[in-house]
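Chain IDs A, B, C and D follow the sequence of writing; residue 1 opens each chain.
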Amino acid sequence: MSAAFSRIYTDRVLQPSYQNWKRRYYADSIDVHRAHLVMLVERGIVTAEIAARIKSAMAEIDRAAPFPDRIPEGVEDLYFAYERELERIAGAENAAFLHTARSRNDMDTTVFRRVLKRELRGVCGLLASLGRAILERARAGEAELTLLYTHGQPANVSTMAHYLGAFLLDLLEGTEALIAAMESTDQCSLGACAITGTGFAIDRERTSRLLGFRSPVPNTYQAISTSHWLARPAQALELILTDIGRLAADMLHKASCEVGLLIFPDDLVQTSSIMPQKRNPVILEHIRIQAGIASGSCSSAAHIFKNVPYQDVNEVADAPVSEFIAALDTARSCVELLEEAVKKVSSDSARAREIALGFGVTTTELADSMVRDCGIGFRSAHRVCTAFVRSGYDKTALRGAFREIADKDLPYSDEDIDEALRPESFIEARKTAGGPAPEGMASVYATAGAALARIDAALSRLDERGRAAEAELDAAWAAV
Amino acid sequence: MSAAFSRIYTDRVLQPSYQNWKRRYYADSIDVHRAHLVMLVERGIVTAEIAARIKSAMAEIDRAAPFPDRIPEGVEDLYFAYERELERIAGAENAAFLHTARSRNDMDTTVFRRVLKRELRGVCGLLASLGRAILERARAGEAELTLLYTHGQPANVSTMAHYLGAFLLDLLEGTEALIAAMESTDQCSLGACAITGTGFAIDRERTSRLLGFRSPVPNTYQAISTSHWLARPAQALELILTDIGRLAADMLHKASCEVGLLIFPDDLVQTSSIMPQKRNPVILEHIRIQAGIASGSCSSAAHIFKNVPYQDVNEVADAPVSEFIAALDTARSCVELLEEAVKKVSSDSARAREIALGFGVTTTELADSMVRDCGIGFRSAHRVCTAFVRSGYDKTALRGAFREIADKDLPYSDEDIDEALRPESFIEARKTAGGPAPEGMASVYATAGAALARIDAALSRLDERGRAAEAELDAAWAAV
Amino acid sequence: MSAAFSRIYTDRVLQPSYQNWKRRYYADSIDVHRAHLVMLVERGIVTAEIAARIKSAMAEIDRAAPFPDRIPEGVEDLYFAYERELERIAGAENAAFLHTARSRNDMDTTVFRRVLKRELRGVCGLLASLGRAILERARAGEAELTLLYTHGQPANVSTMAHYLGAFLLDLLEGTEALIAAMESTDQCSLGACAITGTGFAIDRERTSRLLGFRSPVPNTYQAISTSHWLARPAQALELILTDIGRLAADMLHKASCEVGLLIFPDDLVQTSSIMPQKRNPVILEHIRIQAGIASGSCSSAAHIFKNVPYQDVNEVADAPVSEFIAALDTARSCVELLEEAVKKVSSDSARAREIALGFGVTTTELADSMVRDCGIGFRSAHRVCTAFVRSGYDKTALRGAFREIADKDLPYSDEDIDEALRPESFIEARKTAGGPAPEGMASVYATAGAALARIDAALSRLDERGRAAEAELDAAWAAV
Amino acid sequence: MSAAFSRIYTDRVLQPSYQNWKRRYYADSIDVHRAHLVMLVERGIVTAEIAARIKSAMAEIDRAAPFPDRIPEGVEDLYFAYERELERIAGAENAAFLHTARSRNDMDTTVFRRVLKRELRGVCGLLASLGRAILERARAGEAELTLLYTHGQPANVSTMAHYLGAFLLDLLEGTEALIAAMESTDQCSLGACAITGTGFAIDRERTSRLLGFRSPVPNTYQAISTSHWLARPAQALELILTDIGRLAADMLHKASCEVGLLIFPDDLVQTSSIMPQKRNPVILEHIRIQAGIASGSCSSAAHIFKNVPYQDVNEVADAPVSEFIAALDTARSCVELLEEAVKKVSSDSARAREIALGFGVTTTELADSMVRDCGIGFRSAHRVCTAFVRSGYDKTALRGAFREIADKDLPYSDEDIDEALRPESFIEARKTAGGPAPEGMASVYATAGAALARIDAALSRLDERGRAAEAELDAAWAAV
């Protein structure tokens, strides 16, 4: 009882926990009570009469004002405060039946899992929305030139479709991994009681279904001791956020004024009153920072279990869970900012063309063409092109070098040469599966579309199961 | 060329990389050359004649002594040294055709992915073996009593089967997550060339299949830039290792001499010559430490990508990959030690019984029985049992308290009471799905068995695909 | 201007930042304005007349209601809202002088450093208080027996003084390292302006002193770009919290019911109504968890800078700083809980004696005594003692073994033997510097006392400097 | 004895540990034997005669071939193998005296601390060398223009001296923090024995001094249990490496071809045969990666202690220590690469001038000048300059705007305007302490010089103490 606890323990442990429960977990705990009582009655463990009295007392508590902000004297947590009310209204011996074949261990982790699942579902929804936005933006950018870099240096000309399509596939892979990780969260610990279950003939499948879980946790000790329902989603989200941080870093480079490939509209740019040409797309930096903060919190959530005995421990209680849920809000913010940025960014194709020509990134294509068309080898073709670049793209120098090295005339007109050097030609040639030409992108869109469809289907199944469970619980409760 | 590079750069970057390649990646790079050349010939990009000369030169290099330990003057890496030999033997222009429609980017990551996949496959095999060993050990321990703890205090009596079965399910879930994560590794980057693919009409599916991958990476920029093939397995393995560290921490507690629940044979124990009763199962501490070291390396491998631009970067090159592969060896060691420990540990059932009775962990079962059998409520039953415990388990006191509180005689014989308090009764009563009674454990075994079967099937498919690919590559190579 | 910003950017970046500033940074920003204006007037950069108008406008803003909760339309942050008010009251051109030779870069980091320094000062105060509490508790525990463990096994008998004294020295070393790390925080960035300082003849020493810093940051680019003022304290605190987590893990073991060495009073213990002997000192687990959460946040705060360009970046802006300050509150809570636990814990000397004898931990002392007193070597002495232990501590067996091995009679009376085996004798003999005998502990107390004195002196100097700066700023402001 | 240990335990724990000891720790363990025996003789605990026999046996072992590569049958570690040899040569009872008042606990951590200290000393030497190289390079770069960025956008023109001087101060601060952290390493655990010291009248100060430590660890339990000697240097080095990673990220941006501010010589650049203008300073990326790998290992070394009981644990034994020492080699490599890069990098002042003018970064200085010289306020000056920039730097437009806004003629000649816009003027004006003008840099050099002097002095003291200890030990050993 909190009266018995030291002031510091009360202030630093019990009161914060009580507040966490009031704020985040109370509503779900009521559902857990309902589902548990329904099952107890159905299994004949509690009589209809006692159940009715408990139900009526619960309704009365519900109608009363909310629980006070300060933890009441003489209770250890919000559940005890609730139980005390129940006892007051329904009588102690009757009230006690609600807690038959149950302990705070299985009740609490069931509540945490259910709340966390809902929060993660929200993040997944935003990720799916981001995925769709990127796919749409990519498709719209099939003809929008950009430069792609390797090791910080311009390497190939490509399209916004190709660039965003790459990240999109990583994002969707990460999202599917997150949904897979949620399977650990989406299991019901109810019925594990303290850790070994109970001698009462309960039905764990029934409460699991009434609360919308996919199944009970298979082993009762595991149900209380495992970290997976928290640690696996934390890891999966950390990877997504790290990917986002990497994209932000790359986009920051592309958006820097010397590079100038990415353009953002005024409503995402901080300008300088004195320097109209200075346009700082600050949103990208905030995406990086929020990704950094949230991924750090995910890492922390997973690492908290390091060397903690494989037992029931408070590392799976309200304090760490609430910390993680707070990190999810930062993650949501970061995902929304990225969707905003992706939707509004545009590529400066002219600047891409300029860099492409200036740094000769399409000259390799001219060399490859010579190998395909002119019966010379790579070494020769590259020597010819090097001479061409060194001459400052002088076509006469090109023809001279070809003649000298290949001992014949270059069978290309000036237009052929210009065509080979055109960024668009570079792209059109890259029909390889996964390359930037429309033929190459077809499989990218198909892969992304299929992943999005799987994600949508998985989330729909989750939502559908949730709605069905809610209806089933309401109906069963009405019958108590 | 290394001649041109500064001494420090050569000593600190080129030479270590050259050694990494010699040690870990050379053999797979030859397979990549073979698969690529086969495809180039099949697609008509390289003539049969040139291909034959390359093949013959490759055979000659293979017959020659290995490459020197020190990076040769004038080359940047092992591949350039190889190419130089190829040029020397086959002629420069011929040799160059091997590198048609390819760059070091896609070639290198293909090699890294292939080697890493094989290493991870090895870890998965050990994990499956550990899983089977635990399952067998659990089944053998259905009647072996142990105590299970919550928050470091004895809470319930249970069986070794139930205890190990909990960890087993976490382990198998982790292993399946690792196998799922390997899907990112098991994709072929070949054909992505620098980052945008090529204008040559290559067949990415063909090289992917010849090298045993499940598919090409869908987008060519993603193929070079993504971290998933490294970071996802690193995360998955980190979770498994953290679980192992938690189990070691719990077993260390159970094996401490004051607790004395777990017994290890002499060949896993350090004894003191002077203190024969001191038996230190040091293997548990080494499991914890190796799990800690290896999980730290996994975390480091995933975190290295933080804020690194989403481009082709050397974070996916030989230095970080080799660090991660070295960590896998520590992980393997840790898994083998745990298998050894699990196989050889036994439970001191007598000690479990002693603690169970001493700390009254079965008294709750007596109270529950009274609720079920004697028509009294929980509050009353608990008050009766509290009086019993306080009396030092005096049955007269128990009967007195029952009469006083329930206003009738306790309908239990002394034998009934002893029976209710017997640890075995506590366990037998817990038939709940996932509980320690044989009826409860049935679903645990079924779940574990199904997971093991899925793991075995997945690994078999992987191996089978690998063997088929090898045969197909050998056949195709013979035809070049 | 926020009107111009997209809704999502406003909601997810500007508004949270505005709220952070309102809640945590506003008051210090006013001090920065005051110190800066004082210096500008003193250096003749702003006229007394203009300064007076600014001062008067600042007073008027101060008297007005607080800034609204929602960021006003058309401003980017709280500072712009403030500036707008200033312009409204004092006139735009006058108001602008407040920002002479300053930018938001140096102004903001000055505010963050000042607030963070104060928060860290608070943590250091609690750590010093904890240190004193442990020292006092240790001194009171000179005669309180406990067992010390190696690798989880009982190794030596010792005292609470010795045990707590060890942790105390680690704690004080960590606290001194934290105070040293705060030197990076305790530097003023003002005058760095954007990053290169200014052409105005400002006096950076003056503003630094008026704001209570030990000195300006030496290099203006460093002033804005460095992470040290945030990352160094985060690291130092992480180590302290990791140490606390380790102590909690060890105390949890000592407090477990099988070991039973540590006793906590009722107000720190959760009991079971049915199991009166079950006393769970839950405070220890919460210490571990809060240490884990807070150390994870410290790690995250330091890791956020990974691969972030060495420039002015928003990683040193309000979002990460506020996250870190929130973590400090968890750290404070954890430290307070540990102080509570240390003050109230007591040792069960009888149980320590029982384990010591039961596990023969003092028998080594008997062997050592034989070497010193009886002219026999270690091997012989250990063989004699082993026989004694194996006999179940039968003194006749001891004398027989001695005679057989040493070929003479053991020159010890029964009382001598008992005396050698007494835990107190074991302790009294250990007068080595740093050992548990009072003579050994003298240097421990001296070292701890000296460290505490240095810590107190450092914190007093900090406080004194702060008070002096406040007075100097008030006086100088009055003169504006 | 290893004969008794299981094969897996031997292969996975004992053999790797034996090899670690052979490779890294053997030589220092001999010194520890020597110092300990000297002290035992001096204190009269071991007779001169026995000591002479031990000394002679040690010499014989030293002359013999090295210990075999495979751990011998029947021993647990290299020390036992050594002891067995000693017993064989000197007789078991004599040999045993070497281990009087000592245990493997204090002996081993003394060896680890001594080896680690030497390795860290090596890293500090490289950091000091890097510091000197940067200082020299900075001084040489007083007139070398560069651009400094905020949030990825060009903000101010500055000098290489100013830029490198900022990082230098962070580096030196980090190095001093590392040296301070080494104070935890530089303490001797000898005499702590198992954990509580000994009843023999040993002299801990003496062995500490003979082995070159600054002092014994104050408390004997702390001596064995603390993580600080490993974790504190790991943290300090992690910060330095993170700073290096940040500098590399910023230099990569400055060295990118679009920005083009930093130029590296041919021996640090990878070129493309076909694209002569493409010059990739790959060394920067390798600096980032090695910093990432080594800082990850540092983080892992510190995190391994998380929730590990505060006892003697094998986390401070050869496996983790050897992992950390391996990470130091990567750190050394990274520091050497950075020194090479800093020494050889040059700035393209012309490009800096071009960006400065193109992005108007000096226009703020023109506005500031107007405030100082022309009696107008900031708002007005900025409006004038904005008009000037928008006109494309048309001086007529500037004069017109000034006349219109200030209602008088601009009192600047065209030369005055050009002078105000000259990058050099911008720099010369910034005489603020810590700014880029030579007057501003004076205090930066002074601060850096003082820090370097302190570092050199600290390392010299360390070396001097080491040499003196070696001489003293040799002399004392000769006297045994």
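Keep this in mind: contacts are C-beta pairs under 8 Å (C-beta built on N, C-alpha and C of every residue); 3 or more make two chains touch, one makes a residue touch a chain.
Keep in mind that what you see is a predicted model, and the values were worked out from it rather than measured.
K.L.:
Going by the touch criterion stated earlier, list every chain that contacts subunit A and also contacts subunit B.
P.N.:
C, D
K.L.:
Looking only at C-beta pairs that count as contacts, which pair of chains has more of them, A-C or C-D?
P.N.:
C-D
K.L.:
Please report how many Å separate the Cα centroid of subunit A from that of subunit C, as a whole number.
P.N.:
34
K.L.:
Express in whole angstrom the distance between the two chain centres, defined as the mean CA positions of subunit C and subunit D.
P.N.:
24
K.L.:
So which stretches of subunit C touch two or more other chains?
P.N.:
Residues 151-152, 249, 253, 282, 285, 288, 292, 299, 303, 306-308, 313-314 of subunit C touch two or more partner chains.
K.L.:
Can you tell me which positions in subunit D touch subunit C when the two form their complex?
P.N.:
On the subunit D side, the touching residues are 92-94, 96-97, 99-100, 105, 148-152, 155-158, 162-163, 165-167, 169-170, 173-174, 177, 180-181, 184, 191-192, 194-202, 204-205, 216-228, 231-232, 235-236, 238-239, 242-243, 245-247, 249-250, 253, 288, 292, 295, 299, 302-303, 305-314, 365, 368-369, 371-372, 377-380, 426-427, 429-436, 440, 443-444, 447.
K.L.:
Given the complex with subunit A, which residues does subunit D contribute to the contact?
P.N.:
So the residues of subunit D in touch with subunit A come to 151-154, 252-253, 255-260, 273-278, 280, 282, 285, 303, 306-308, 355, 359-361, 363-364, 367, 382, 385-386, 389-390.
K.L.:
Subunit A touches which residues of subunit C in the complex?
P.N.:
Spelled out, the residues of subunit C in touch with subunit A are 4-6, 8-9, 12-13, 16, 76, 249, 266-268, 270, 282-283, 285-286, 288-290, 292-293, 296-297, 299-301, 303-304, 307-308, 313-315, 317, 319-320, 323, 333, 336-337, 339-340, 344.
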